[in-house]
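Each of the next two complexes has chain A plus one other chain: chain B in the first, chain C in the second.
Now for the complex of A and B:
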């Protein structure tokens, strides 16, 4: 037993020494390299900007004259400033990137078997705004959601025929995989001004999607401009009867931003939604009515202040009326001591007294 | 003879228990290693977009319970109002402070009293007034003293925001932290009900206007041992437990919750002394059988001051240990039950057998071993070898956490700091561990005798 324990002890001591050595060695190497990079960076920044100011800098020669570590820092600086600079300075940086062979290397990395290498390649190509054929992008990205999202971003920044459709299709490749924050943002920016790519996918396949993915797409759709297609609004109208209150609320928020088109309003059965059992759905409905702001919507809001069974919903309806400058319901003096007037009177008093009513973040969250 | 016959089963028990404890820790550490490497991939995408401009971010109410925080509350609120997040409402709950906490906020931020009663019921001690800023998203609820959980409940049931973040008034939240801790809610919008970020030690760091400017170690040995503990707890423990769907604790200093989910379970319990852990376990209990997620996100950081004196630390640890025992007792019926999934089958048994019983069994060892030696029944060579292995494994686990830090976040960057952290991981074994075992036994006695005082945290302030 003691011998066996002795062997275990030696193994553990060995493990400890190994971990400590690796930890310290990595710390020393990283600290030293980071320090050198920082120093080099301070020296190179003025030089880089001096080159950018020249009309025709010889980037190839300038890049070649630097050491390996300096070239690494230059590549980092290119990545950083490509995001910040526009116009001729950006053009110059792109030329420097070509001289540094970044674009070629990025394209080559799409062939790598390693997901992270392909991802790095896609990110570089996005920063360089260098288009790649859709077939090649698909081959490089479909295996993993992260690379698909990066490929969609590349299509977004490069544009081209059917770029929005192809990119939306890559993001929604699998109907059971939820979108990352980056993918959500990309989907939004692709469909922001014309959401037909997203709505086509939604109406064709949305019913088979995972509920969370459907909800994410509806949240995106709520911030996009929709085409006036009756079939789309009929499909969205049907979602107002979905089992999930979050989906119902998110669907309502898509109608909220399209309500300036009177023809759209017919697809929302306000009376039925005001009796929705979920307070979150009713709260979204009050935001929608406030946005629509017509006399009928105001009457519905006034009705909600008095009749909604939930305290918070009554306050939200009252706040909405107050915000759009509509009159709040008056309390009937003959109502006496009954509980209902007291409740809505409290909501009205609070809405009137508040100095800075809270704005709710994106709808569909609760 | 009787003693000798007892010795074998006792030895077997200690060895088996040792294997259970360290085997569990090792699994959790290895999972954390894998999870941290995976999250690096998401970081690569950051240069190509600006998540701050996303229009989908859910509104967040930052609830700050404040009891006699006059010295720090204004700076704290100022720093919270400057967080990088598009929709933040800061709700300070003045929990019956006897100093100038209320005036420090109402005067400092030009707040006015809302001249109407709150139109819905808040499940907390009576509220006197609500103050609001006309320009900033800042509200103060002034109420009778009811404790931290009661103050949190006032904010949770007051806000209209879909998510709320519970933080301590004296903590420093990094500017991008809210954005990062909210990401799981965007990724898994229907499932995520709670997320937590990492808590790090601010003692020894330089700060300016509520922001940590330079990260470093303190001159105080006790503080630096706690730095190693926090690295182990957050970078390895919570990352690993979250990877195993077994997260039971979201620190009270920094956690983000779905408001409706917390209201659904009745808010924070005012009957427990560690309300943060109890709430998370209750959420697991309530949502068991549904598709839900409680996740730890390691990169958002809140900086907090830890005790630099042993008496203060002792009180804090006693409270934590009592809270652990209390929560395990309240939710004992979940332990080992399949319907609670990984929580019932792994997390709760782990917390019971390892986190709760571990220090107690260790404490017993410190009594039995010398007794056995005095009675002449101790196999000294076996014991010394066993002790060396125990110290070796403990050191290995701590050093793996430091390695995680070096490979991932690198907040502590200088080789001298890293070498010091490796050294403090060794120093932890004596006499800190023995002292903690004694604290655990004291806490057990206090818990059994029904003594559940909070203990005051004495703060020296930021450097």
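Now for the complex of A and C:
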């Protein structure tokens, strides 16, 4: 038994040492290769720039004269500089990419069974701004969120008929998945000047979406230029009665960014929202009222300063009034003896103190 | 005597491209990657560069911070400055001009275009 345990122990220790040795060896080799690549890069940069300055460089010949490792570095440099350059230099780099077979390889990558290979292909195609048919894109990308986002970005970059709708559809393929930051950014860029694609998806399918996805789309929608379509605003107005306070607040934020016109305001029942049990919703409503800034909104904010049960909300209402140049509510000195005037006075004094904290002068606190 | 250009840019690839392109046009290029280092460099030298390419997003002090410091010293009044901005937002452009920049380029940019803008500025 003891011998058996000893043998097992030795095997485990031996296995760990073997793994550690292999890991160390791989790390040393990779470090060496990375160092070699960096050296090659510094040697190639002047050569590459010299070629870029030529009117008609023979890219194929130039590329073929380099070793396998040098060509790898050249491809890395192409990817890096395509992200940073425009104009004639970029055009030259695209020709170099063609000479290096990068575009063909990227298109072939879309057929790979490996997600990472397809993703790499989509990234290259985006850098090269090379369009691919929607059917082929869809086939290559729908299986994974990262490839869907990459395909959407390619459609954004290349454009084409229905590109926005197709790309938005790809991004919102699953109704139970949050979008990555990259996907969110792509969704915004697709819809920022015309949010028809996003609003169509939202109004048609939004109610089935996960709350997290819905919140993300409301955030994006709020930053897009929206047409004044009654159907959209009615749909958004209904979200103000959603069970989730986060959705109610996000909907108010979306309204806030659409301006103060009556065509927008009619969908927001301020009185009902000010009695919302969630302080986050009321906070967002105060920001909305501050954006509108008319006399009615000011009255609502003044009302909130004295009546909101939440400290932070009262401060927000007071700060909003201060920011838009409106005054805090005042107490009627002739009011009869009751708790109400005392409560109002306390709230206003407290709000005033928050807006005007004591400042430290050179001689101490003033 | 060649014209000296200070490139303040923390992105190595961009500063490489700009350096190569400007040296082709016989400019003498100095690259600094940090805003605070740039300020120390300028304050320690009697002779300012003939022009400056200034990135906005920098470690240390950002481009706008440097422009604000330049505003406080008349020594920098005649220094031509081209801002390099990765954002291209209207507010950034307006702020840049308000703080005294003479021109701007938006990333991604054409190095040839930067060279032409610099030439015109120095004329």
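One rule holds in what follows: the second predicted complex is superposed on the first by the 324 of 366 C-alpha atoms of A that agree within 3 Å, B and C clash if a C-alpha of one lies under 4 Å from a C-alpha of the other, contacts with A are read in each partner's own complex, and residues count from 1 in each chain.
Heads up, the rule we're going with is that contacts are C-beta pairs under 8 Å (C-beta built on N, C-alpha and C of every residue); 3 or more make two chains touch, one makes a residue touch a chain.
Small disclaimer: the values here were computed from a predicted structure and weren't measured.
Judged by the number of chain A residues each one touches, B leads among chain B and chain C. In the superposed model, A:86 lies in contact with chain C only, and not with chain B.
By the touch criterion defined above, A:215 reaches chain B but does not reach chain C. Of the two partner chains, neither chain B nor chain C is touched by A:47. Residue contacts after overlaying the shared chain place A:127 against chain B, while chain C stays out of touching range. Touch criterion met: A:19 reaches chain B, while chain C stays clear of it.
Of the two partner chains placed by superposition, only chain B is touched by A:31; chain C is not. Overlap of the chain B and chain C contact sets on chain A: residues 80, 83. Looking at the complex, you find that chain A touches chain B at residues 1-2, 5-6, 8-9, 12-13, 15-16, 19-20, 22-24, 26-28, 30-31, 34, 79-80, 83, 115-116, 119-120, 123, 126-127, 146, 149-150, 153, 178-182, 184-186, 188, 211-212, 215-216, 219-220, 223, 244, 246, 280, 311-312, 314-316, 343, 346-347, 349-350, 352-356, 358-362, 364-366. Of all residues in chain B, only 41-42, 44-45, 47-49, 51, 53-60, 86-87, 89, 112, 114-121, 132-137, 159-163, 183, 185-191, 258-260, 379, 381-382, 385-386, 388-389, 392-393, 395-396, 399-400, 402-403, 406-407, 410, 413-415, 418-419, 422 touch chain A in the complex they form. The touching residues of chain C, counted against chain A in their complex, run 11, 13-14, 16-17, 20-21, 24, 107-113. Interface of chain A with chain C (complex): residues 45-46, 49, 53, 80-81, 83-90.
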